[in-house]
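Should a chain be cited, it is by its letter among A, B, C, D, E and F, assigned in written order, with residues numbered from 1 in that chain.
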Amino acid sequence: MQRLPKVTALSVDDSGWGYFLCSYKELRAGRSGSEFLFLSLQDSSGQVVGKLMCDVERYKDEFDAGEFVRVEGRGSNYNGRVELVLSSIRRVNPDQDRREGFREEDAVLSAPRPITDMWAELQEHLQGVKNNHIRVLLNRIVADHEAQLRVWPAAQVIHHAYRGGFLEHITKMAEVGRHVSHAYGADWDLVLAGIILHDIGKLQELAYEGGAGSYTRDGNLIGHIALGIVMVREAINGISGFPDDLRAQIEHLIASHHGVREHGSPVEPKTVEAFILASVDELDAKLNQVRKAVAEDPGDDEFTAWNKRLGRVLFKGKA
Amino acid sequence: MQRLPKVTALSVDDSGWGYFLCSYKELRAGRSGSEFLFLSLQDSSGQVVGKLMCDVERYKDEFDAGEFVRVEGRGSNYNGRVELVLSSIRRVNPDQDRREGFREEDAVLSAPRPITDMWAELQEHLQGVKNNHIRVLLNRIVADHEAQLRVWPAAQVIHHAYRGGFLEHITKMAEVGRHVSHAYGADWDLVLAGIILHDIGKLQELAYEGGAGSYTRDGNLIGHIALGIVMVREAINGISGFPDDLRAQIEHLIASHHGVREHGSPVEPKTVEAFILASVDELDAKLNQVRKAVAEDPGDDEFTAWNKRLGRVLFKGKA
Amino acid sequence: MQRLPKVTALSVDDSGWGYFLCSYKELRAGRSGSEFLFLSLQDSSGQVVGKLMCDVERYKDEFDAGEFVRVEGRGSNYNGRVELVLSSIRRVNPDQDRREGFREEDAVLSAPRPITDMWAELQEHLQGVKNNHIRVLLNRIVADHEAQLRVWPAAQVIHHAYRGGFLEHITKMAEVGRHVSHAYGADWDLVLAGIILHDIGKLQELAYEGGAGSYTRDGNLIGHIALGIVMVREAINGISGFPDDLRAQIEHLIASHHGVREHGSPVEPKTVEAFILASVDELDAKLNQVRKAVAEDPGDDEFTAWNKRLGRVLFKGKA
Amino acid sequence: MQRLPKVTALSVDDSGWGYFLCSYKELRAGRSGSEFLFLSLQDSSGQVVGKLMCDVERYKDEFDAGEFVRVEGRGSNYNGRVELVLSSIRRVNPDQDRREGFREEDAVLSAPRPITDMWAELQEHLQGVKNNHIRVLLNRIVADHEAQLRVWPAAQVIHHAYRGGFLEHITKMAEVGRHVSHAYGADWDLVLAGIILHDIGKLQELAYEGGAGSYTRDGNLIGHIALGIVMVREAINGISGFPDDLRAQIEHLIASHHGVREHGSPVEPKTVEAFILASVDELDAKLNQVRKAVAEDPGDDEFTAWNKRLGRVLFKGKA
Amino acid sequence: MQRLPKVTALSVDDSGWGYFLCSYKELRAGRSGSEFLFLSLQDSSGQVVGKLMCDVERYKDEFDAGEFVRVEGRGSNYNGRVELVLSSIRRVNPDQDRREGFREEDAVLSAPRPITDMWAELQEHLQGVKNNHIRVLLNRIVADHEAQLRVWPAAQVIHHAYRGGFLEHITKMAEVGRHVSHAYGADWDLVLAGIILHDIGKLQELAYEGGAGSYTRDGNLIGHIALGIVMVREAINGISGFPDDLRAQIEHLIASHHGVREHGSPVEPKTVEAFILASVDELDAKLNQVRKAVAEDPGDDEFTAWNKRLGRVLFKGKA
Amino acid sequence: MQRLPKVTALSVDDSGWGYFLCSYKELRAGRSGSEFLFLSLQDSSGQVVGKLMCDVERYKDEFDAGEFVRVEGRGSNYNGRVELVLSSIRRVNPDQDRREGFREEDAVLSAPRPITDMWAELQEHLQGVKNNHIRVLLNRIVADHEAQLRVWPAAQVIHHAYRGGFLEHITKMAEVGRHVSHAYGADWDLVLAGIILHDIGKLQELAYEGGAGSYTRDGNLIGHIALGIVMVREAINGISGFPDDLRAQIEHLIASHHGVREHGSPVEPKTVEAFILASVDELDAKLNQVRKAVAEDPGDDEFTAWNKRLGRVLFKGKA
């Protein structure tokens, strides 16, 4: 038996074994008395539905949602999408399975770019900051949260909701934002600070574990905008001589980055840099959703099926 | 010449001298070449338009907006409202004028209740807090900002926009909120914390000077909700053993107190206490506007003129 | 076999017999040919799903939705919620079953407080009315509709949708509203009139039978606001000497109690009393939903699952 | 001196005397010390600004707003609009002035069609009603309010705000609505009832005196929709054997005629007839505003100036 | 075996054979292993669910969605609606089946009026146009698209979504619009042009095949409003001497016919004719939905079930 | 007497003569009988109020709004802004005044960058287009409208409302858009086509004369989105072999560039390129407003006065 290909390459002709993160598990009861396991399985490239129909009793306690699993199965077609029909499943035994090629990062839905590349790019941006105060601040915050910043998603569901998504989001925003700042004579140091810090509160808003994000108590009760401002204020308090108007402008970038109050920003952009940040953030989030909708659409038409969140179909172009 | 009555008692039959805060000053140029001074004068009871038509050159540099002034003049009717037509005006000379009865608090638009009464009531509420953590927190913040809390307004324009307005707003909310909390079995200590702290960020959002509030840099750029959360977080950081879930709930009260995102709350109420706080806050602000609109309406009809901010006329009842 | 506990106390360990109102009944066809009965059963404490899988043919015509039933069964777990799996079911035979302990009020979803207590409280409020006209009006309307007012729900679905819900809603509003009126120097008699009469049109808008509310023709076509105004106008027409401005103010309370036109109020609050009524009504309806969502949430987390109607999760606190 | 032409025919070349209703009067104080009277004068064809600059003292107490006046003056151009510059003004002395040709109906802004024509048309519609119950109801209500229905405006400001406007509104709606009802197989008797009764509450909502409408207490506090339903209910109560479902449908027409809740309808259309009524009502009100905006626009362009209420310019076509 | 009645006349007592368009086909997998075919079948009178439970393997490749089929089966009740339970199904063999009575137009959901009647009515309207330019334009466009205009639906889903729906929509609008235009002294030629042309872009926006409409590339990317303006501009470019202001007014009718920008009109009505067009269009679309909702509601109540698109229940009246 | 400095450099210490465009002229009547001319004067750098108080009769017919004028006068302070108080004014005599240094482009409010620079930049972009079809299309349209594209504003009022504003808007968008397209792997040729063509309909929507834009008949009735699509369609029709899907995507860019229907786009973005275009367009328009509001704010505070169109104050930073 051979190893299954990556999820995005999976076809009905494939069968074999593989490692996945099981991000969802439900025992569905058929009315005829039979039960089956309905699972969501992910690897770094994407997500696929898994179903185990036979020997349910034997396998159903062999793993839990949130755990890495080793499965055997074959591709199957359901309403035009490929699924995995499983013949066996069990939780990964790290010691043993690592020897057979299991790596955690391969089995978690991930950003398309390697994390090391993105991290290096972020470091370059940091080194290019001219304003001493801002550079110190950004380096300190990035260093303090390196472990999270490397692997966290940028959101629970809507956009960049996968391993490395946070880093992908801010490096792409930095790539775009630098040019936009230059074009409008904006203060690039400030815009970069906004890009790196605007979602920093998400590190407290979300918990990211087992390949899935969930809201924390502070996330539900306070939200990442206020949490981020508190984090930045505490960091700035620890830096002597940080100019107060600079602090206010940086906190403004965080406070206003959703652009309008209806989207949860308690204040709206009042500086050129804040307008740029909100625009670049929104475009990056939107395009990430567009790319995902286009990539995941199973049909052969020029357009995707109706995308509920975006409220429209999307043009895919000719096959 | 006798002293003028309080602004709310002023009639066209009055003439004399008085002390006021000049909160607005504009030199209006008439087309015939003549100029006159258009002023806004306030004492503790209310606000009145002042006009100086004669000897403008002589008086126009004798004072500035934001200063206390001594005027001589008489009541006059303009479109159904009483105005003061001035014959002289000069800035107050504190040493000299105090001897003649000038007191700053008499010449600034003020809450109807004496500040000492409201302050005592606030202290009683503080002493009644059962939760030690909350009591320590509230006492510390109230003590730290006593000077401001005693005299600040609750807003720049919309409601309670006068000396002592902040204190009037939170004591009235406490009076109401205690009963509401009891009725719904809510945690009164928490609701009281929300009442006292929900607008605490306004002490940094606004600058209050010369009887007029204006937005600070932090107010414009960050807003009182995030500023308040930062203030409370810093206070709580200084209190050892403060339970983290309690902190989160208190910060939630501040974050959600505008009730909906469209009104600037980054998160919406998710606890019984937060629903109560938002409701009591909104009602108190609305009724303060209603009372003001009814009190200031000059007409004799059963209804006020159209109130633009509230988007309606208001019922005054029979004369 | 013993009697089943109250619905809210039911666990998977319970089995036995009990009396319920069957508020919903559907024959669901399994694809394998088998059918089962899907039921909604309620007693005074809550609602539970009932399923009858065996002997469906024998039992399916033994009762109808809207009838009281006697069932035998046992608790069962389905997706984390307790259900009742039934082995038999039949409609109640009043004569016989009363002897075995059947009481209608025990088998209908009900307000948590006893109706007699709430009714006594309402009477006290009525006796406290100082304005003769208002007291006569309220007493007459309450007396005329006593049978309904004692047991009706306050709404078909959204809040207080159970036996005694109307009475629970107005007594709680009266408890809260009295303090609020006092705090703002409002006319308590008027506010009380608004509390008792604001939803009086629901007695014509809804039909309440068999533990379930439904919309009447007049409810769908005219709505409880206009219906209530007509009812009150007719009652006032029968009271000689009722002052016309008082009538207008009372009708205004009914007309404006939804607060804004988007929620169906043809006019918006224009009196202090109307602002208070709309605020107290909305808070009571919201908190009833919050309590229900928290009480019914089956999970162990600090927060409930997403509540669609409220558009948020709710904080439950530590277990 | 000759008599002035109708307002809509007035030019800068005209001078003479005339009778008008003075609907607005304000003493405006010039900064140079001089005062002048700023007036709004209307005759049946339109409205014009009047200004009296000289001998203000002599004339200013010779009349009040809301009175008929006799003026002498000449046309004058102000910012592209014709005004009347007056040399004298006094209130009408009915006995004397009637002999010189004064007629009240000539001096009040009026519908373009003669009232007698419109009234006859309404009577024809009434006679054509086939349903006995509806015919009795309509005849009774029309007869009871004939005096008002003949001369009232349809609104205070927005549309048909002139003598006979109510009658013009409902006869035009009847002309249109009959064809629409026929086209859709709707019940024309019901639609006609909706047309005649939908605004009947305005007879209590507004007070119409001296050529100007204003809101009554009931109008402000209850609104014409609920007032109209009360009026119709009381009329129906006085007609024996009126079918209850017919009553509900007629009240539904009144309740839903604004089409959506945001516009103040407590319920939205649920019958074919209610959809037709709301559509015909809205179109007639809109087109009346369009006609007025086009007619009153002073410019020579193909488009009117910006119309604030309609939020657009309007096409007038070639001159 | 006899021929099945029309869909709208189908009852549980019917069995036999018939011709239908299969507009939807799905193989639903039962959990017990069994599969069944879930179909949507239409004839000219309506739509019905079809289910084939037995011999699925044998029949499932005998036809596709979008094809005409010949079925055998019997009426069956499912949750109060009549369905067709099939014993056999195959695609129509035109040569053979025509001999047995198959006609395409009988097997496609169609407008209630015969197309030839509606077409004749449209021709009459065209002949009545007085303005030469408009008449030439309309005749040319109608002639160029006769094949489509005769049979297309007016929309994909929302209203008049059946064969001949486009023609039914514009002839009904013309019937109504002529009277409305007359009543308001509007230019009937222009209004008629608007009625015939307002949706002309739908001929490029939609593809209509096999009884079902779908969006084309141009429809998704450009929309019928801009497409229609392009079509009309090209037609006008081919007519010498077409007055430019007339062209602009006709294009305005197309551009503004959704009435407000939120509904996709890039400009809002600025002429009397455009206000009339938007009003008549909206009413016709709404009433078509109302009629459909009432006609298809299976219940016996006075009201339909909740209609999601219209956001309300609808009054059906007594049975 | 010396020549006055540029408007943006004008101070109260300046006096002399200069050339301006008079974009607004009003004879204001003072109540004391005296009149004065209120003017708006512009040169390439900005706009300033001009007032002529003396010898009004002599000068008032010496020029009209929309003409170039030669004035003599001095700077004056009015409410903190510099105005020009004129002692003489007359229309420019081109022959004579050119000899004294008059150049039209110096006397019209203009984009800050020289038009020749921006034009050269646009040409470079055009030369870089790789797709032949797009390059032909863009070159043709740009060549056909060169005269307008060089000097037109981008809007009548809101943003880039000055000579060369259209060109400034699209070159800045191209500068930004190129980087954004690259970052997201979008088709830069397509995005550039969208940038150059998205507002092309404004050349028909607006008339630009005498330094001021106004709406044309087609602009008011059809709007620049549909007009632009028609223009592009006609241009594409003249290019043989233009791929239809490319045409549809380009028209989509025009149709969707306002981003949402509420802003007048009949369809919303459905391609990556359309999302980018709408984002870049909105940001450029917003930042142009922000720059203008900051530049024109006369105060010394860190923030501008309230900006009504943007609905906020703006941060200017330290003086």
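Quick note on the criterion: contacts are C-beta pairs under 8 Å (C-beta built on N, C-alpha and C of every residue); 3 or more make two chains touch, one makes a residue touch a chain.
Please read these numbers as outputs of a predicted model, since none were measured by experiment.
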{"item": "Common touching chains of chain F and chain C", "value": "A, B, D, E"}
{"item": "Inter-centroid spacing, chain C versus chain A (mean Cα positions, whole Å)", "value": "44"}
{"item": "Centroid distance [mean C-alpha coordinates] between chain C and chain B, Å", "value": "42"}
{"item": "Whole-Å gap between the CA centroids of chain B and chain E", "value": "62"}
{"item": "Junction residues of chain F, two or more chains touched", "value": "30-32, 217, 220-221, 245, 249, 252, 270-271, 303, 313, 315"}
{"item": "All touching chain pairs, where touch follows the definition stated at the start", "value": "A-B, A-C, A-E, A-F, B-C, B-D, B-F, C-D, C-E, D-E, D-F, E-F"}
{"item": "Touching residues on chain F, where the partner in the complex is chain D", "value": "30-32, 215, 217, 220-221"}
{"item": "In the complex with chain A, residue positions of chain C that touch it", "value": "28, 30-32, 34, 36, 78, 302-303, 313, 315"}
{"item": "Contact set on chain B toward chain C in their complex", "value": "172, 175-176, 179-180, 183-184, 245, 249, 252, 268, 270-272, 275-276, 279, 282-283, 286-287, 290-291, 303, 311-315, 317-318"}
{"item": "Residue numbers on chain D that touch chain C, as the complex places them", "value": "217-218, 220-223, 225-226, 229-230, 233-234, 245, 248-249, 251-252, 255, 261-267, 270-271"}
